[in-house]
Each structure stands twice: as C-alpha cells, then as structure tokens.
C-alpha cells in the first residue's frame, strides 16, 4: 500500500493511515490529489504499533520535500497529533468512523489538540476534503493548481445545477 | 475591533468572528500571530447578520493579498463554511464554546463540511492553534517564520522541562 | 429534479435540498404538500457548491410568490441558515440523517441559529412534518387548506383507532 | 405573569411556558414581539401540572384570534407537542436549557416530533428567534410588519458593521 | 392489536404504544406478563394523533380496575408523560429505540419528567423489564405472583449457571 | 443520617444513597414522603464501599415491612441495580448529577438494566419524583394516601393557575 | 462455556462475562491469553442474575490463585464494579457494545467508578486489550511472558511495515 | 513538580501529567500512593510539547525500576497512549476533565485504544483510583501493601457505616 501518484515527481503530500483497514476511506484523499495533479505518497504508520516509524516519517518529512501531511486514524486517533508534534509542516487529521462510536472518539481525539500543536481536522471520514485542503495550501504557491481547484469548484457547481 | 498587527505590512491572515462576544477567545489568534510576526487583520463578520459583507470579504481575500482566513463562530457556526465556499484560500475554523452546549454545536457545524469545501477545524475555543496552523502554512514559503515557529516550539518544550 | 406540484399554479412552497442524495427523504415533503393541494417546487441548491444560486433563490423567493421555504441538508447543514439570512419568509429546516453521526450534526447546525435569523427546525429526516408545518402556516390565510389539514388529522386519528 | 403587549389589541401570538422559572428566558420572546408591534399574551401552562388548561388553551386558540403559539419548556419538554396536537395553528417550540443536561433533553423532546404534528423548533433558550419566526409568519399577511422586520434586519447588520 | 391476556380476567396492566410499529418491542411486555399470569390489555394510543383517546384511557384507568400502565413510544416520546398527568396510577415508560438517534431522544423525553408527574422509566426497548417492574408492584399485594416472580428469578439464575 | 419519618410507624419506603454527598438531593425524597405521610427511612449504603450492607439491606427489606426502595447514586451508579438484584420489591433509581458528566453516566448506569432486574428510573436528581412514584405505588392499597396524592396534584395545578 | 487455557495449569486470569451473548467478543480475551501462554478460565457470571455467584467468584479469586480478573458486560454494566468491590485483585472491565447505545452506556457504567474501587477500563469491545493489559501486569513477575509480549509487539510492528 | 514519595526508596510508580494545570487533580494519585506507602515520582511530560522526553521516560521506565505508569491528560489526551506504545509496563490513564467538553474528549482519547496497546482507564479526574489500581497491581507481589489496601477498604466501609 505504498503508492506515489506520479512516478517521476517526488510527493508533496504524505498520506498516513493508522491501519490497513482505513485504506478504503483514505484512498479518497489520494484519488482526489491524483485528479488535481498533486503528487502524493500513501503509507500505513501507526502511532501505537509503529511509533518510531511514524515519528521518523514526521521528522524527515520537510527535508524530503513534503509540504503537507494527511493522517487518518480511528478510535483513540493519536496519529495526527503525534505527527504534528514532530514536524513543522501543516498536518491534516481525518477522523475515521470505525468502531461502535462511529468516529466520535476519533473526531475528539484528533481535533481537541492543546495549544501549540494544531491538527487541521476535517469531517469524520472526510479524506476527500483533506485532499482539497492540502491542495488549497499548496495552491498558495502554485497558480496552476489554483486554476485546477477553481475548475473543480466550477464542476461541482455545474453538476448541482445540471443535476437539478 | 479592526486591528492590523503591523501597520506598515498588509495582512496575510484575516481573522473573522461571528459576533463581538467572540473577541476574547479570538484575540488569542491575533496575539499569537503578532508574537510570530505575522501581519493579520481582525473583523466581525456574521454569516447571518452581515452575509453580503462576509461573502465580499471572502471573495476579495486572495486578491487583497491574504493567504489564510481564520473564522470563529459559536452555536450553528456557519461562518467558516460560508467563507470557504467563496474563497480558494485555506480556511481555518474555530468553534466557539458559547451557549448551553459548550461548543459541541459549533464543533459539528464547523468540522462536518461536505466534500469540496474543506474547513480546517481546530479545537473548541482553539484560536491559538488556529494561529499556529496559519503560521505553519505560511512558513512553507517563509524560512524566517519557520525559524520563529521552531523557536516557539523549543520554548514550549523548555517551559515544560523547567516547570517540571 | 425540478417539479411543480400543479402545473397551472405557481408554487407557494420552495423545497431545497443540499444534495441529490437527500431526494428520497425530501420527497416526503413534496408528496405531503401535493396531497394537501399545496403547489410547490423542488430544487437542489447547495450552500457550499452553489452558494450564489442558493442566495439568489432566497433573495427572489418572496417576489416570485413563495410563502415558505423548506431546506433540507445533512452534515454541517448550513443551507437553511444561509437561506434564512437572505429571505424574510419563514424558513423550515430539515436536518438530514446522513453520515456517521446520524444527523446529530445536521440537527445542531440547523437548530442552533443565533438571534435574528430563525430556522423552524423539524425532526431529523422530518420532511413530512416540514410540509405539515408549511401547510399550517399557509392555512392561516386559506380556509380550504385548513379544512384539508383538519381532515388529514382526523384520518391519522382514525387510522390509529381502527388499526388498534 | 399575564401580559398583553398592546392593551387595545387582541393578541396574535400566545406565549406559553411550562413553569414560572422559564419566565426570564421567555420574556425575550414577548419583548421582541413588543418591539415589532405584534400583540401577544404570556401564560404559564404546564403539560403535566395543568394539562386540561393547556389543552383548552390550544383548542380555543384559533377561534380566539391567535395566529401562532410559542411554547417554551425544559427537561422532558412535552408542552409544545401537546399544544400542537390540539391546535391547527403553527406552534413554535423553545427548548429551555434548564437542569443538568443543559437543554439537550428539552431540544430532543421538542424537535423529534412524529409525522403529522410538527413543532417549529428554535435553538435552546432561543425565545428571541421564536418571536422573529412568529413575526415572519405573520408578515406574510402584514406588509407593515414585514417592513419593521426588514428594518430590524438592517439594524442588526449596521450594528455589526459599525461595531466592527 | 387489542389483546387481553386472560379472557375471563379483567386486565390489571394496560400497555399502550404510540404507534403500531412499536408492537414488536412492546409485545415483550405482554408476553412476559402473560407468562407471569398477570392479565393485561394492549392498545395503540398516540399522544399526538389520538390525544383525547390517550387522555380518556388514562383518566378512566383506575376505575376500570387497572393498577399499572405501561407506555412505550419513540422519538419525542410524550405518551408516558401525558398518561401520567391524567392518572394517579404508577406509569412505566418504555423509550423505543426508533429513528436515527436510536432511542436517545425517547429516553430523555420519557425519563426527564418535572417534579410531580413521575414516569418509571426502563431501558431503551426494555419492554420486558417494564413487565417485570409492573409485576413487582402488583406482587406487593399478591403473594402468588410474588412466588412466580421468585421462580422466574431462580430460573434466570439457573440458566446462567447451567449455560456456563 | 438515619431518619424515620414517623417515629411510631415502621417505614414503608427505604431511601438509600451511595454517598453522604448525595444527601442534599436525596432529602427531597424523604421530605416529599414526609409531606405525604409515608413513613420512610434514610441510609447511606454504597454498592462498592459497603456492598455486604447494601445486599443485606436489600435481602431483608421485604420481611422488615418495606414496600419500595429508592436508591440514589452518581457516576457509575450501581446501587439501584445491585439492590434490585437482591429484593423482589420495586426499586426506584435516582441518577445523581454529580461529577463532570452531570449525571449522564449515572442515568445510563441506572436505567439501562438488562432483562429481569428492572430499576424504575426517574430524572437526574429527580428524588422528589422518586417519592411521588413510591407514593403512587403505595396508594394502590391505601385510599387515604391516594387522596393526599390527589390533593397534592390539585395544589400543583392551582399554583400554576394562580401564579399565572 | 467454561474453558481453561492449559489443562495442567491453574488459571491466572479469570474472564467473566455478564451474558452468553458476550461470548464472541470476550473470546478475543481468552484467545489472546492462550496465544501468550497465560492460563485463564472463562465463566458467565451476571451481576444481576447470579449476584451471589459473582460475589463468591470475586471473593475467592485470590486464594484460588487468580491474579487478574477481566469482566465484560453491556448496557448498565455493573459486573466489573461489583467484582472489584469483592476482590483485592486488579479488575479489568470490558464495556460490551450491545444494545441501541452501542456501548456508550456500558463504557460509562464501567469506567466512572467512585474513589476506592477502581476498574481498569479498556475500549468498547476491547477484550483483546484486556488480555494484553492482564499480560502486562503478570509480566511484572514473569520474564518469559515479558519476552513473549515483546515478541508480539515486534510482530505487530512488522506486520504494519510489511503490509505497507 | 518533581517529588518522590519516600526519599530513600526508588519509585515504583511514575506519575506523568500533560500540563502543570493537571497538578491539582493528579496530586490525588501521589497523595494516595504516599498514604499506601508506595514510592512514586511525579513529572510533567507532554505528548505534544515534550514528545521526546515522554518517550524517553517510557522507554527507560522498566529498567529504572518502575512497575506502573500513571498518565493524566486532558482534551485530545494522547499521553497515556504514547507512553503505552513505548513501555511494556501497565499504563493507567486518567482523563482530565478540562475544557468545554468536561473530559468527554479526554475519556475517549484515553480509553478507545486499538488492539495491542492497552491503557487501563479510570474515571474522568479519577486520579485517586489510578493510585488504588496501581496499588492493587503492586500488591500482587507485596503482601504488606495488600494488607494496607485491605485496611483502607475497611476504613472506607467503616466511614460509610458510622457516617450513616
């Protein structure tokens, strides 16, 4: 489960998930980034089962050229917070709606971060919006991406109007 | 309640709040940005009482040179979502813990955005982290800010160790 | 998905939904209004994907002869609130029970409106009651509709007694 | 606690509350209606302590000239639902934020009405919006009231802009 | 759906449900009472669709020889509270777990009764326990029923031990 | 904290509380029973600190002449359930609204009992209603108490009407 | 449903469940202990249906050689608390996600224990972690078990890395 | 804020808290351990502000002679989970009831741990029970401590009976 959206480009967004069972939800993030032409990589890294690898990933992310990290996890979702503690990059958290509480636990574990270590939290299972948020951030310095985002916005609008 | 953090610099972050009663919480965002040397502006703009002005603010934000918008609101907090629908910039939402539900309504109204219009949500009353998140985004293109953020992180660390 | 309950009559109730996926729930509103002989129209208008069209709809609603607007949306349901900010008509909000939180997010996003911009909120997925509420409002000035409502009430009563 | 907003006019809105302890919250409804020039009456009627009087009030409301009933109650708030079962008028429910659950019980008891008997629910403690909603309904047949509502909206807007 | 557990005996327990869709859950109450030899009757009576019939049932219950009333309802479950307001008998409320909130609304609408009008609330969908509670009450004056209850308790115990 | 409402009468209702800190709330139960002329006794018995004494109390309750047991506890409120497992008498549970969750934990711990061991649960802090419920049960076999209950109901009604 | 993980060894961990329907979840605890080579026994013991047997089990646990007790129960889950009141051993509670509230009731009933009687609570349905926690406790005095735990940790890590 | 309960004894229990503001709550843990004669140490270690120090503490805990770690944190409380990922010792989590959600966020962030990394969670603000749980674990290998725990249990019992 390690993919790079465009083989010749080094990834700008790193997508982590706490468990292989999160892959279906989190693939919406990589799919959306692929559609927007944003190179990304996808890895399974667990805050509790592979803490060293998660930390190492976070620590080296900036120097490896990443600009944004997206981290999805369920239950007591610590992954995004742990990553945010080890990288200066913006970190986007996706609470996964797994388990009996349907993601309420993951939402609170992800969003209620204490001062100093922010996690940009999106909706429960909101991996697609995590990608759009990453793209908005990258578009600050990439006019072409900004144009593609604008196009995607226009398409969403058109679909609603036409589907009317 | 309209302040610019540094008079000679045009603001990079726009801080909106839905009501003057949110000012105490939201001033933590402007204070933090001021400390980090990030120029910002603070305005009251309501999604329901001044919808046109909120939309106009969002629409013109990018061309006015803003890079990030922070929007804080309580109750059925629509402000961040409405702003995000009208700007391509990254929008950070601060759910304000006002009213009998202590911000649970504002949290869900802010974070549970549908696909295509992301709001980077921080903790209830987490205006300070909204500023840190904005700074992380801006630091992608500003090495000096990145250094100041690193310094702030080190200071937080030192305080905990020394306060030990 | 644009229907007018009676072709020769201009609609009195506008039914908006934030997404085509809300159509199954929201059709209960149009069906009930049709049964009560209240002309209505049904459109998809999203607070975030077609904000301009939503606002334009709200702004022109009264002069187009509408008396009540029903707006159904899920997740961070901003549609009813945005519409209520742009029309002087009574706006009825239907929180849609979509997504992992089963409509708790939509309920709070719809009902917890700040002072000045009320949304008359009905139950989660309560599109049928939105129609009955619209009909109660219209019946204030329409004795025949009042009679049909009374009849419907009597039928509900009879069904319970007979079904006993 | 029985007031009529204008002595020479018969009330158009009946404001009920389940307990005298709700008076502080519910007075926001009568104050707002008074400001808008809408004659109203205020009574304490309990679904459980004075059920007959509550029902009698609901039953006779329309023929006594009332157009809208506002009912505020806390805890297991049954008042609005019971009233709605006995009147064809639109009924607005105000969940009162009393007791240890801060109105979450009253919100659900008021808004989750079954099909056929709608209660137009506003925010917890949202008595002011109950009045605005009643005024929106009455303004459908009262151009002067519509103008006063428009004026109030403009004033809210101006306050935000000036207070800025 | 009107059954009397023993044809020659007049019912001691009246079982009401707000809707025919509650019948599957509520039949556990009548089945349990039948097993315990307690005569009961089962009726559909809605607080909102047949309020007069519900009230009439409650009002006449004691003189008709009933000792306990069990009322099951979902959503904004007002039935038990309305019945308790009109009878001096002990009223047992069964919150039905219908709708998107899985009975959390019905639980709060049933249990959070204000002082003076108690509803003896059992678990969500706990119709069987409503029957056992009614039987405990009746057994205060019926030694044979007490013995049967004791027997049922012993059987539950034995099943656990043997099933071990 | 061991009181008997009438010295010459043996108690019919036993009121237990899990902790002396529950005394303020639970005294509403004894006060109400005293007003209704129902002899009761009040004891502190903890499911966890004095389990043997709690069980012994429950086991001997019926033969000591008690008819109803009221048990109030906060947090993980096990007292009512433990007592109900050891007595055939009807047990009324009062969830105490202590601690950070304001009684939501106590409510669920008290009401969500499994089949076979019912606890008649009243509102959070609803000790007064626990007393009224006990009185309704006792009034099945005590016409004078029934009359006093009727009188109390009439007084509640009169207060609302007069206080109007 | 009474198994001992290794026939020749006396059990160190006792696994109780409140109902046979909890067996599927709770078997994860015994399976995990079996894999770790920790002898355990599994019994159904209900706090409400077999209170004496539950207490007797708890009371004799230490002298029978048990070191840790794991207790799983759903709804108003009193089992772990009752056991903890009767044994000096560490007690681990597993809230079972049964019923309409998906284990939120069991979680609060298990974890919110008052001072003096702790229950080491794991996640809803977290029987596997209950076993790991028991093993961590036992490993304090068992170097071989500590090594097996370390091995299991390494395997979890390897699986994530390889499954990557 | 670094104390060792008995200067001449090396600590058996390490008490961590995520912030100095947790000290008041967490001192109940150290006070209780002191009363029980269990040597402990208290440190501030944040999962997000001092992640390296937290990890280093966890990693070296066993070889430094610690047997149990207690970790208290509020909001998105990751501390206990992070520590549990780096130590084979039993880790007890204390959710701190800070912030607008009163500890519901901390409870879920602490207890809902994924399989393999258990955190023994006690009640919100339940630092005293964390100490008792640690003592129960240590008493498995310390008969004198077991006796002191038994004594404390007897005292709690006596206080309830005498306070009666």
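Chains here go by letter, A, B, C, D, E, F, G and H, matching the order in which they are written, and residues are numbered from 1 within each.
By our rule, contacts are C-beta pairs under 8 Å (C-beta built on N, C-alpha and C of every residue); 3 or more make two chains touch, one makes a residue touch a chain.
Only a predicted model underlies this, so the values are computations on that prediction, with no experimental measurement involved.
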> Quick check: more C-beta contact pairs in C-D or B-D?
Replying inline: C-D
> Among A-G, A-B or F-G, whose interface repeats F-H's (more than half the contact pairs identical)?
Replying inline: A-G
> Using mean CA coordinates as chain centres, what's the subunit B-subunit C distance in Å?
Replying inline: 34
> How far is the middle of subunit C from the middle of subunit G, if each middle is the mean of its Cα atoms, in Å?
Replying inline: 51
>> Can you compute the centre-to-centre distance for subunit D and subunit F, using the mean CA position of each chain? Integer Å is fine.
In response: 36
>> Give the residues of subunit G touching no fewer than two other chains, as numbers and ranges.
In response: 46, 49, 75-76, 99, 101-102, 104, 111-114, 116-117, 119, 123-124, 153, 156
> Hey, which residues of subunit G end up touching subunit H in the complex?
Replying inline: 67, 88-92, 107, 111-124, 126, 128-130, 132-133, 136-137, 139-141, 146, 149-150, 152-153, 156
> Which of the residues in subunit B come into contact with subunit H in the complex?
Replying inline: 97, 102-104, 123-125, 153, 156-157, 159-161, 163-164
> Inside the complex, what are the residues of subunit C that reach subunit A?
Replying inline: 1-2, 20, 43-46, 49-50, 53, 75-76, 99-102
>> With touch defined as at the start, can you tell me which subunit F residues reach subunit G in the complex?
In response: 18-19, 46-49, 51, 55, 74-76, 78, 81-82, 84-86, 99, 101, 104-105, 108-114, 116-117, 119
